[in-house]
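A, B, C, D, E and F are the chain letters, set down in written order, and residue numbers restart from 1 in every chain.
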Amino acid sequence: MTAELVTFGETMIRLSPPEGERIETARSLEFRTAGAESNVAVAASRLGCSAAWLSKLPDSPLGRRVTTELRTHGVEPYVRWDDDARQGAYYIEQGRAPRPTNVIYDRADAAVTTARPDELAVDIVEDAAAFYTSGITPALSETLRETTGELLQTATEAGTTTAFDLNYRSKLWSPSDARDACESLFPKVDVLVAAERDIRAVLELDGDAPTLASELAGDFDFETVVVTRGEDGALARHGGTVYEQPVFETDTVDAIGTGDAFVGAFLSRLIAGEPVETALAYGAATAALKRTVHGDLAVVTPDEVERVLRGGDAGIDR
Amino acid sequence: MTAELVTFGETMIRLSPPEGERIETARSLEFRTAGAESNVAVAASRLGCSAAWLSKLPDSPLGRRVTTELRTHGVEPYVRWDDDARQGAYYIEQGRAPRPTNVIYDRADAAVTTARPDELAVDIVEDAAAFYTSGITPALSETLRETTGELLQTATEAGTTTAFDLNYRSKLWSPSDARDACESLFPKVDVLVAAERDIRAVLELDGDAPTLASELAGDFDFETVVVTRGEDGALARHGGTVYEQPVFETDTVDAIGTGDAFVGAFLSRLIAGEPVETALAYGAATAALKRTVHGDLAVVTPDEVERVLRGGDAGIDR
Amino acid sequence: MTAELVTFGETMIRLSPPEGERIETARSLEFRTAGAESNVAVAASRLGCSAAWLSKLPDSPLGRRVTTELRTHGVEPYVRWDDDARQGAYYIEQGRAPRPTNVIYDRADAAVTTARPDELAVDIVEDAAAFYTSGITPALSETLRETTGELLQTATEAGTTTAFDLNYRSKLWSPSDARDACESLFPKVDVLVAAERDIRAVLELDGDAPTLASELAGDFDFETVVVTRGEDGALARHGGTVYEQPVFETDTVDAIGTGDAFVGAFLSRLIAGEPVETALAYGAATAALKRTVHGDLAVVTPDEVERVLRGGDAGIDR
Amino acid sequence: MTAELVTFGETMIRLSPPEGERIETARSLEFRTAGAESNVAVAASRLGCSAAWLSKLPDSPLGRRVTTELRTHGVEPYVRWDDDARQGAYYIEQGRAPRPTNVIYDRADAAVTTARPDELAVDIVEDAAAFYTSGITPALSETLRETTGELLQTATEAGTTTAFDLNYRSKLWSPSDARDACESLFPKVDVLVAAERDIRAVLELDGDAPTLASELAGDFDFETVVVTRGEDGALARHGGTVYEQPVFETDTVDAIGTGDAFVGAFLSRLIAGEPVETALAYGAATAALKRTVHGDLAVVTPDEVERVLRGGDAGIDR
Amino acid sequence: MTAELVTFGETMIRLSPPEGERIETARSLEFRTAGAESNVAVAASRLGCSAAWLSKLPDSPLGRRVTTELRTHGVEPYVRWDDDARQGAYYIEQGRAPRPTNVIYDRADAAVTTARPDELAVDIVEDAAAFYTSGITPALSETLRETTGELLQTATEAGTTTAFDLNYRSKLWSPSDARDACESLFPKVDVLVAAERDIRAVLELDGDAPTLASELAGDFDFETVVVTRGEDGALARHGGTVYEQPVFETDTVDAIGTGDAFVGAFLSRLIAGEPVETALAYGAATAALKRTVHGDLAVVTPDEVERVLRGGDAGIDR
Amino acid sequence: MTAELVTFGETMIRLSPPEGERIETARSLEFRTAGAESNVAVAASRLGCSAAWLSKLPDSPLGRRVTTELRTHGVEPYVRWDDDARQGAYYIEQGRAPRPTNVIYDRADAAVTTARPDELAVDIVEDAAAFYTSGITPALSETLRETTGELLQTATEAGTTTAFDLNYRSKLWSPSDARDACESLFPKVDVLVAAERDIRAVLELDGDAPTLASELAGDFDFETVVVTRGEDGALARHGGTVYEQPVFETDTVDAIGTGDAFVGAFLSRLIAGEPVETALAYGAATAALKRTVHGDLAVVTPDEVERVLRGGDAGIDR
């Protein structure tokens, strides 16, 4: 097995002015990389799960900036290099009440938007324990809608557990387009992760979170449905049982990437054969730790996650 | 009309060590520009009101650092260049309880302190919809006391609405000197803005805020009196009616310039012909947004101000 | 007259890692703006010539980052704001022998590529003393090829002097495409500026620089032809006479923008009615000074240019 | 008298990534110096008490980095220079709940661990009003255990008041080793400072803080026992009376060094002949101010401490 | 085959003040990793050769800082994690004539100094095409002297080409100790790399470079001897023939790591089956490019190396 | 003896944008302290000579920023604190040919300009081996002209060797004013240091350097005359003999403070009883090393100076 977890999607370069500065007048930008699917791979890799990321990038220093970052965290990038296409980017101004965090996407015509299965290392999907992608990827192009479906199909046929995060982005497509595309993929998905607000806005379901989870499990025969509820924690419905997991108190530096850290840790524990409730707890602890670090990536260690789970206080350790 | 809003006063260079560092041991200083009257012009300009700033500066890179910053935000500087005089400066250590924010003025003998009407582009005051200055300017020199009075007189005679912020600075002059000087200017002022604490400490009036506003309007025949009350918001008395405006919840990065942002936005709406209560709301929303940005200047956009007014939450917009 | 000099073209955001660092591993990027035509406008404006820049930008913080920078240097941007299009960008790694300076363009589908005369403030072109654009702009899209021609036509018909820099970029189009497009514009150009290497590679002319200048003047009836020769200085052919101008010794920090600084200063002196040889000297002195400053822009003053022309040494002035 | 207060112990170089970054991926480290005993000397010196620091350092730029910093704050280092030994260092990642502040010591075989009285300027201990060291120093090596004892003995015999902070560090030694070593020193200590948690964990005493203080005073004949209780303030038992001192509200930037700032200020007032309760208040105010500044050192002034004691609010002083 | 090239040695954290600053007064340090053998592995990896690095590190954020950096450049670290030992470090002040670059080692008792073959992934040495280590490693401890010999023996017995750089460090051991240790290893070395000055100072040989190479080849039966001569380039004696390679003109930013970049590129070409003269040219070009980048690592691409070999000029590529 | 060398003069805060940036557009400034006389004291102190600096400063964080820096380098400041006066400052843009280094003084009415002997610790002048001041100090105010004379008189009467650097600053006074003031002080000066260009421009003497030295020695009965000639080194005439000293080759980072480093080192050797030629050599070596470090101060060590004198090459020392 090349990698226990394989994820597929776009990773962009992330450009952000220092906190308290505006893009309009900034003179320097923090330069990171960020993409839901590779964020998930990094979180899983850092918690000891071998992870690979499948995608298509421009053959340029910008494309290599993405793979360099992933290797730094032990994620093996399986990339189709493209001589002409652009590298997707996004700009983000960290908000402070009453000013929201503002994201400016500049990802049109990125190399990945033309990625077809025949040019990707699909074999690693077949070998993997789990294959993960999210609702962002099919939103990027018609080609990716098809490719996402085909990869989920390949995984399903090979017995690879498939996981999918609804990850609705209003700046990429309308709720109805998102619903059509995602619902067409659901039959090939074993584990669904979705934010409660997205289930209501996109899948147009009602009721409290446990009800949403049951309805989704019923409608689309998911093995596991995880509903994330921001400050109210997350719940998972698996084997007819609903497991609740509150958030861990956290002093936030950067909230971006919290959800992906949760999913990466959650999947790493499932892949390691641990029960859903343990995976939920790992997800919540890793998400809380991720918020204490700048950037999208969960730069944490297994010891630190376990310390949070043990209720270790946040004083000083000397 | 050259500019709808013309402001007159001193703009200094602002030098501050990074947060958590002291001037005594700092190795680098953030280098910005700041002055109540130009801060007001910037806030108005950013909200779509054509604004100009009238003053006198040394003909040096330091003087040009001031005009460069103002042009960046669309404010046209009408400056008398002086070959010999100094550029005023102030040093500011951001405080953290129990350490106050400490301001060290180094503004004695700055070029502006010798500014006389005959060497300033007074015609733009006559053309303007509104002319604004504050209690800091007459505090700087005898010459400026006279010049401030003459410019207010010129504006009044030309039918230009005059606005004046009491802006008491204890490090510049005593309450009694401030009272004498400002009260001598009040007859030429249409719109008075004053912090509640300054009204008590300088103008020695008592009673709650509405009472203070009424007394001032009665005593000096102001069209409009705005009383600002820090965390308790602001109120305006206009045409016999008192309008209240609470603050908007804000996660503060830098409080310096909050008052000027309020005044700039308030005047921009008055100039645009909007009612006082709308102007108050714009002022409060712009002030709240200003506190989320480093430096004195309200680097915000009309959309952002309107979003706050619509009660938009401060989550993430993607 | 709105502006003595009006320039038309694309201005991108410029992102570069600190010197000695590679994009692949950088964690922060210097964030500036840069575009040949606005660089020229800035150089002219800083030397006292009123300048405006005509273009089309996305209505976003990135678009405003461009206009904010131009206003900082006194250039008035006349921009058509576009709600949907991208902001062009380029990444630049400063080279050091034997590693060349590497430019990565990310400018496809930028807002400006769809700019048509009917959505631009064409009247300021008619009012201007001179209108400038360069060979980069028509290289960006078919629409811009037409628009560039129409604006040059408008200028010519209004009696506005037209200036054009060949500015060949191999990463944008082939020599032959460049030749066809530019030669179709030449009849509407009064002042041609071209690098000697571009004249040979694109216009396929031979002979030494004076010969090239004469041939071009003969073939296309240019009033003035300026041939730039890097370290060997520049020459101008005007009224049958050839004027030579050597470079000024310079200790280079950042060579990018040298040519635009030369053109901006050259045009500012022509517009001020000075003879060609004075304009050449101003161009060379401003270009030398520009190389001592980071970024594309000639952040210099008239005094500094005149000091270089007076042969002032580069010691210390205290 | 060379110095009123002499302190003895190890000062390390302190290396920390910017907040929100991890050592694993950081590219730059803040570079300061830090050591309990020299932190105490700096706090005392800044509050007007002449202070000296006694130790042993490598004769290298790293050793001089330590003495340079101390001189910056008026502390005179009396150092035995060692040509071969290492400079102790520690790395610290500022934590954010739920991630604790993580300290990585790299101090084995530091020059100071071999410091013997015969190679130190012991005479300044005899001349001093007070001699201070802490439980960290004897934890570092057998030699230092002996040297600490001998210096306390020397001080006692010379009539110099001796002060000792239990300062238990779990990463340096076990509670029982700490108890044995420290209790062997107690007979030579006049003033004991100890954190409540250390008294319980190391000295294995029970009861509330006043009780702990009395027991300790009884058992070891301390003149003064100070028990520090983090957010619950501190108390001192002196001449049979117990004085309580709450903390001052503080908006913390960096908590490291809070205890040393308290001790330094406390000792400086005792040395100045002020009563214990005044010394306690000075300690608490200085500790609160220290938390508003990055790094271990209390970079504050007497005026600022007195302002806190007067209950000055933390607004803006202009 | 796990990796074509396996290298064995110590990698330290590298701490350096900004250029023009001294350690004594610096407030921040650039934080990189550096070690001859891992530098070589990175250079080879970046030029397309699969590379692994074998060593022993402390199981701490500092140890992981080393492996993180190597993975960033595609080098797979095979590390024995040690719970107690230190992480070696070195401080470096970039010199400027007449001040030399000053290196302060702090590497005593680093985890690697106790590395024994039985705790290392020796199998990857047996599988490799080439195994590389240098004269620094045996200088660090008696254990490493033995382990280096055993690994060279293992490689030789498995038919893995062995390469060794004399890499004499005067701050680690005397010329005579170095000679004894290295000469004891030479019989297990196929490819010797040595600086001309080290051959004279350590191996006490005389004559010009070709003569030195021949003598060494004769005395120790090396397949290939490479003599590096700083600005005078390098030569290699292989199969009785001597190949000369001049340096490429370079505008140096950071000379540290030049030799390792040369060796890594040289070995990568040998492993790829290319002739010695090609390997020499690759080495020289990569070394020249490395000097244009801060830090020890050759952050370059194959295209860039080949461009230098093609004599591409260092202008601007746009 | 309090200090072997006592210097008297103004020390300003020094504010400079990063290299390649202009004050007009900079966002941060390097924040150092600088003054000829304290620069000299620092150089002497770093070479082992006990040094004190005598002056008058504002009692503010800015004043303390000056004393803090001096203590860092072992110089004891003897300062009269002034509650009201300003802290002198200067802004400096590092030049690059053809742009000169530009200094903007902002030192009018600084606290020191009112310094009278009766408020200074004049006793340390009487105790010192040498007292140094320069032509900058009397240029600052009438009061300082008198005070400088009185302190030189006091030194002379106490048998303290007096040293004076002409240090002409064209931005402070005219050549003739400088000549009158300095020549009135010469009778109280034992050791004169002067730049060759200043001797010609201010003292209006002609002839080559040795001739200038002899004439000055003859006219004013100096014990020693040192003539500094920039890149042509320096010469000293002492006891009728002229000693020549060339410069040491240096790769300059920051030339400011070179002269003061020379004088500080020169005086430290004279005070140590070494012959003039040794002092000259120390001065030249220290000046060369100073140019390799940012800022005014010679942050060097005796070993480094002696290494330059031994002709140590500037390679790498590891």
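Convention: a residue touches a chain if its C-beta (ideal position, glycine included) is under 8 Å from a C-beta of that chain, and two chains touch if they have at least 3 such contacts.
If you're wondering where the values come from, they're calculated on a predicted model, not measured in any experiment.
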| item | value |
| --- | --- |
| Same-interface partner of B-D, chosen from the options A-C, E-F or A-E, over half of the pairs matching | E-F |
| Classification of the chain E:chain F interface as same or different, half of numbers criterion | different |
| Whole-Å gap between the CA centroids of chain B and chain E | 62 |
| Length of the line joining the C-alpha centres of chain A and chain D, rounded to whole Å | 46 |
| Centroid spacing, where centroids are CA-atom means, of chain D and chain F in whole angstrom | 39 |
| Sites on chain C at which at least two other chains make contact | 22, 24-25, 27, 64, 68, 72, 102 |
| Contact graph of the chains (line, ring, star, complete, other) | other |
| Which pairs of chains touch, using the document's own definition | A-B, A-C, A-D, A-E, B-C, B-D, B-F, C-E, C-F, D-E, D-F, E-F |
| Parts of chain B lying in touch with chain A, wherever the complex brings them together | 72, 248-254, 285, 288-289, 292-294, 299-300, 304, 307-308, 312-318 |
| Chain B contact footprint on chain F (complex, rising order) | 15, 17, 22-32, 60-62, 64-65, 68, 86-87, 89, 91, 93, 102, 104, 106, 108-109 |
| Chain C contact footprint on chain B (complex, rising order) | 64, 68-69, 71-74, 301 |
| Touching residues on chain C, where the partner in the complex is chain E | 19-22, 24-25, 95-103, 105, 169-171, 255-256 |
